[in-house]
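What follows is a pair of complexes built around chain A, which joins chain B in one and chain C in the other.
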Partner chain A sequence: MNIPHKSVPIADLHREPLRQLLTALADDHLILGHRHSEWTGLGPILEEDIAFSSIAQDQMGHALGFYTLLHEHLGAPDPDIHAFTRQEAEFSCCQLVEWPIGDYDFSLTRHLFFDLAAGLRMETLSLSSFTPLAQLATKIRGEVKYHIFHAKTMVGQLGNSSDETAKARMQTAINRQFGLALGMFEPRLGEQILDDAHIAPIESKWRERWLEALNAVLDGTGLQIPDPDRIEPVFGGRNGYHTEYLQPLLHEMTEVFRLDPQAEW
Partner chain B sequence: MVSPAHEPTGVPLNAHNDQVDAIWEALRSVMDPEIPVLSVVDLGIITGVALSPEQSVTVRMTPTFAGCPGIRLMEKQVGEAVEQLGYEHVQVETDFSVAWNSNRISDRGREIIRNFGLAPPPKHNGEPDLDRLQHTECPYCASANTTLKTPFGPTLCRSMHYCFDCLQAFEQFKPV
Partner chain C sequence: MSVEIQSLDPRINRLGLHTHEPGSPDTLPPHDHWGTYQVFHQKKRGDRHTAVGIVHAPGAELAMAYAKEQFGRRGETANLWVVDTRHVMALDYADQDMFATTPEKTYRDPGGYKVNDKIDAYREKMSHEHTP
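Showing the complex of A and B:
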């Protein structure tokens, strides 16, 4: 019962920029999904254990959706092969998603940063002129709403906490990874071409909306973001330059796959 | 590209005739593995059935959640259910051309979910209001004096709640 490939025509001019966009989205969701799954069994309370595990599972589904688009429309290999057999330098995830889970405050802050951006991305992409992407983004958007709801609730609780240590830890987590978070919006090669074709906006447009959304979330809390103009964004991930943390993650993630790539599950 | 209204063979999706109706009826025997009393039809994940003049069947499905771990199993069982009617060429396709949302659950499906012990998702106008999760009606005592414990649960499609009136924890099939 094979699912037939339902290719839609893509102009030659758009192919490479679209491949870059979809690979970045797929890799971000795959790698952060893997990181979130490391909270399974370790969450500070049962509800948070379940939340991070569920978000991880959602993100695996999202990654699969993007890899499937690459496979069906842009000639990329089968999603499993694509996800599990590339070398580190062939990954185009941003560096934010690679970092180890750290303490709960670090992971929670990263979850807020990432899902706020993912929500905006999916909202825009649900109107993409590339229909298969618009359909997938529409699907993902409804799921990310729950991620944002969760992140806002927890960040709000800790950010309004009467426990000054909790608040200080959250603020430190925000400051510490703000440059990494800005790295989510590293310009993609050919992004203007996709913008002109109403396939996807350039990253700086998303960055601007993300900063507004983030300020709105933190507004009612005792937390704030650093001045974005004074923080150096951590770029490189989109072009295959990664932290020392990605290779060990890939090694662990692909360990079972490498035992028998042809295995039927 | 909008979802094709016709299959490649030129047969419209969901045209009504006795044979197609019998296929839909057969699909009612395939259950959601996570709520094994709820059929894939009442869950609303079957988005089209087409029968070609050559008697080949296409069933189109859409997952509840992109990462739904049950979708491959359901595809297989859907195919088998149609094959049991005697069709030799059965194709099951899963795509996002019709996005599932919780409004697609039938009224009968909502009743089944409630009897299963889960709060059914409230109907919405395209955008569920997540603040309403704070006062989800308890499936045991119908009280709205409840609170949301977490928007996630034992499966991707459930959230966890607590009822202050009957003092029971309960789950909701969450609105999407």
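Showing the complex of A and C:
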């Protein structure tokens, strides 16, 4: 994703909170993109395989966009170096995206949870007072719109299925990862500062809108979400605390890169 | 003897797949196959939608989700249509003889109309009018 190279001044006060936000977004998209790509060639049917693989590619593209902003405006290393050379504890992705793909019900539910949140984030960020982020979010928004359409349709199809097993599996997938999904909205360091500056809202605002959107999607299907007030959100990812699944993923993801970090691609 | 499949692709190894035992019956359960949807692609607004192929899907919405990635993943797209193949009425190839004599009816070809002289005359006239 090409972003016009033009460094804009950022107030000192905003630099670290902005770095936190962009790194969280970049790492979430990168790790989930990698997870989604693990379905390539193994998808349930050809058409779904192609659609899901495209969504995985999109997530990688979004990650590149955020790493590029970090590189151009906040002094982070080149996107490839940044994405492929950090240690596990330096990643600030939420734990939801780290979990192995599981069965298709798990991956599909995660895709719905994540992209519904991404859609809301991009919608708000397209109005960000930090113009380069607003431009990037506007570009990403259209792609996420398709992701949500795909996720809603698939989940709706299975949730309305006359096959009780299919329905039960989807409901179980929702129940099992709901706490992880709430972890997407772990408060970021300095988030109020960005909210005050109209750069990005605090996470709890996104969380509220996400719950509304999710209820609207599941309304009319046979599926429902657990009571969010009774589920413990799985936090820690934004501060570098990860599941045992992230390290092996990073090892596999960077295997080719590490062969020759200087290689021209 | 069935052996665990070893692949260069770590994802395949994680599945713990085994080779098919020679001579063992095919135990794959029968599937309900999804029907097909015809996909029509429009490049620009105002262009006609062109039939580009099919997708398998259980309903129109998922067909659209798939059509977007099968047929709208490259180049420009303004719009897509999907139509349940069962809603398309087609002729039987056995009836192709209805068209057997059509190629002979050359008087229906647009080449039969002598309009080029008129077009040339019009162009000539316009170019004179615009010359100062």
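Just so it is clear, the second predicted complex is superposed on the first by the 260 of 265 C-alpha atoms of A that agree within 3 Å, B and C clash if a C-alpha of one lies under 4 Å from a C-alpha of the other, contacts with A are read in each partner's own complex, and residues count from 1 in each chain.
Convention: a residue touches a chain if its C-beta (ideal position, glycine included) is under 8 Å from a C-beta of that chain, and two chains touch if they have at least 3 such contacts.
These numbers come from a predicted model, not from an experiment.
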Superposed partners chain B and chain C on chain A - clash or fit: clash
Touched partner set for A:Thr138, first chain B, second chain C, both or neither: first
Which superposed partner A:Gln157 touches (first chain B, second chain C, both, neither): second
Partner chain(s) touched by A:Val8 [first = chain B, second = chain C, both, neither]: first
Partner chain in contact with A:Ser128 - chain B first, chain C second, else both or neither: neither
Which superposed partner A:Ala51 touches (first chain B, second chain C, both, neither): both
Chain B versus chain C as contact partner of A:Leu64, first or second or both or neither: first
Which superposed partner A:Thr109 touches (first chain B, second chain C, both, neither): neither
Most chain A residues touched (candidates chain B, chain C): B
Which of chain B and chain C A:Leu42 touches, first, second, both or neither: second
Shared chain A surface residues [contacts with chain B and with chain C]: 47-48, 50-51, 54, 146, 149-150
Touching residues (chain side chain A, partner chain B) in the complex: 1, 3-4, 6, 8, 47-48, 50-51, 53-55, 57-62, 64-65, 131-132, 135-136, 138-140, 142-143, 145-146, 149-150
Residue ranges of chain A in contact with chain C within the complex: 38, 41-42, 45-48, 50-51, 54, 146, 149-150, 153-154, 156-157, 252
Touch list for chain B against partner chain A, complex: 1-2, 63, 65-69, 75-76, 79, 90-97, 99-101, 128, 130, 149-154, 156, 160, 174, 176
Complex contact set, residues of chain C against chain A: 10-11, 15, 34, 55-59, 61-62, 64-66, 68-70, 73
